[in-house]
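Take this structure first; my questions come after.
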Amino acid sequence: MEQQPEQLSFDFYKEKPHIARQSRDELRLTLGKFAGPLDLLLYLIKQEQANIFDIPIARITDEYLKYIRLMKSFDITLAADFLVMAATLIEIKSKMLLPKEITEETEEEMEDPREALVRQLLEHQKFKNASQMLYERSTVEQAVFGRGKIESDENNAETNASVFDLLTVFQKILSRHKEEVQMEIEREEVSLADMIKSLKKQIFEKKELSLLAFFEEMHTRRELVTAFIAVLEIVRTEGVKLMQTATFGDIILKKI
Amino acid sequence: MEIEEKQPRSIAEIISIVEALVFVADEPITVKTLSDVLEEDRETIEAAVEELKQEYEDRTGGLQLREIAGGWQISTRTEYHEEVRKYLKTRPNAKLSLAALETLAVIAYKQPVTVPEILEIRGVQSASAIKTLLDKKLITAKGRKETVGRPMMYGTSKDFLLQFGLKDLSELPSIEDFEDLVQ
Amino acid sequence: MEIEEKQPRSIAEIISIVEALVFVADEPITVKTLSDVLEEDRETIEAAVEELKQEYEDRTGGLQLREIAGGWQISTRTEYHEEVRKYLKTRPNAKLSLAALETLAVIAYKQPVTVPEILEIRGVQSASAIKTLLDKKLITAKGRKETVGRPMMYGTSKDFLLQFGLKDLSELPSIEDFEDLVQ
């Protein structure tokens, strides 16, 4: 997928990709970062000094595939779109190779297999030029500054929200919520060994411990069960006594 | 109690008040707002703004009055950006990536436009570029297209006009103008 | 490589830069700061500031340059305080605090929703945010929930749709729209 980091700046003229031919069949990639397969195609057409309305499809397809192979050999992850374009080119190429049976009736309907691609390239080129215009405008605009804060400005942390902010904020709340649930699950996974350890520590520190208070520290049913087993275990193995002062009263764990 | 009769304002006074209001406004202030606050008709305000603009131009001081994003704003002149930047210690804003700029160009000219339509023109998936543009508030959602799947449509925002120094969308050069440049 | 020799600035240019800097500064800007940024000596800056001040006085526009708290500042003339105040008051305050925005998001996506349910989702008491949203008419009461205590349910209002540029609630971006972008 398209995962380009935001660049701090770029120069439209410098950013042009360049494949240098080192020897007869070795290409060298000096700089190549295309915004998409259409960019690469436009570049290749220019490189071949071909007419955009009469693209030498076989040659351009070969060059295109060469470039893709090159990118692969450089371990550049190729966006799926580059491969889709490769398939399109190969399809056009094979259509062009088909012997043409020109008859009076079909001639008019025969569409050049390159036509859709050419249309797309021209359209794309227009927007590329438009984006350069935007780039230039924003450069000028960045040299202009508004006034500083004045006393009447409220400078509390307020946001001017759009619908998408609403969604983003909502998702943040939901994920915050999920994290909380996550924490509970983590707490559930206290092992029996850990529980015994913590129980022992408490009894040895305080000499005696209210069973009710201990159980109240548990957050989930599973923890409670673990705690209960821990109590049984500690009474069995350690010198700890269970004492109850009144019927249904609190039970005290006491170190003997 | 005395009831004070309001004297009609002189044009010089109106210009001065317009200047004061443009100055205090956080955002470009519209002729309509000015007209509402001053209780003067649109034409009077428009004439006052134009004269004020001329005055700023004739002074060639450090400031300019300009029309942007549908309103009027006072800002520094581009000539002095170096010194202003030095004082504010700001670097030029992080610029948009090529992919984001291209996507923005498509959205600016084809709005309202859906993600599949952008893909069609760019020939490349534009999801992350769209996300960047949304984060930077350069584009906003513009409702859904009444077609299969009701995809979200996108258009440019007011911040887009501000950041690219446009009065309004009609100030964008026509996309056909870029055709001559092909080849 | 060519080394560009800096031309000494004309006094008019210095005055313009001083004006631009005073304008962008958040606080009254001192002669020292101006002198540091421009790399001109104190006397030159002082003369420039004085001339600029005189210029502002002669213009009798909506603004004045004044010395305050040891620095220089551009502000509106006191004569126009009435209009300025009137404008600042009428300014639509479309801004929401983050707490209000969060609460609004919950209400928009979960409506109709009760206060305990909002608390459950946000994990924070939202009473004052709900009050703000009601005051701004972004949400309205939508009857009571037939459950213990019959708590009031809230939903978004028509003003909400207007303010966020939505035709109806189905135009709210869905989680899926967003996921498409994040991928």
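Which chain is which? They are A, B and C, in the order written, and residues in each are numbered from 1.
Note that contacts are C-beta pairs under 8 Å (C-beta built on N, C-alpha and C of every residue); 3 or more make two chains touch, one makes a residue touch a chain.
Remember, it's a predicted structure, so these values are computed and weren't measured experimentally.
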Top-ranked pair of chains - ranking by C-beta pairs in contact: A-B
Centroid-based (C-alpha) most distant chain relative to chain B: A
Averaged-CA centre spacing for the pair chain C and chain B, given as whole angstrom: 16
Whole-Å gap between the CA centroids of chain A and chain B: 31
Touching two or more other chains - residues of chain C: 20, 23-25, 74, 84, 88, 165-166, 171, 173, 177, 183
Residues of chain A whose C-beta touches two or more other chains: 1, 145-147, 150, 152, 162-164
Chain B residues within the chain C interface of the complex: 12, 15-21, 23-25, 33, 36-38, 52, 55, 59-63, 74, 76-77, 79-80, 83-84, 86-88, 115, 127-128, 130-131, 134, 140-144, 150, 152
Chain A partner contacts - residues on chain B that touch it in the complex: 23-24, 26, 73-78, 81, 84, 88, 92-102, 104-106, 108-109, 120-129, 132, 134, 137, 140-141, 157, 162-166, 173, 175-176, 178-179, 181-183
Footprint of chain B on chain A - complex, ascending: 1-10, 15, 33, 35-38, 52, 79-81, 85, 120, 122-131, 133-135, 137-147, 150, 152-153, 162-164
Chain A residues touching chain C - in the complex, by the definition given at the top: 1, 145-150, 152, 156-174, 176-177, 180
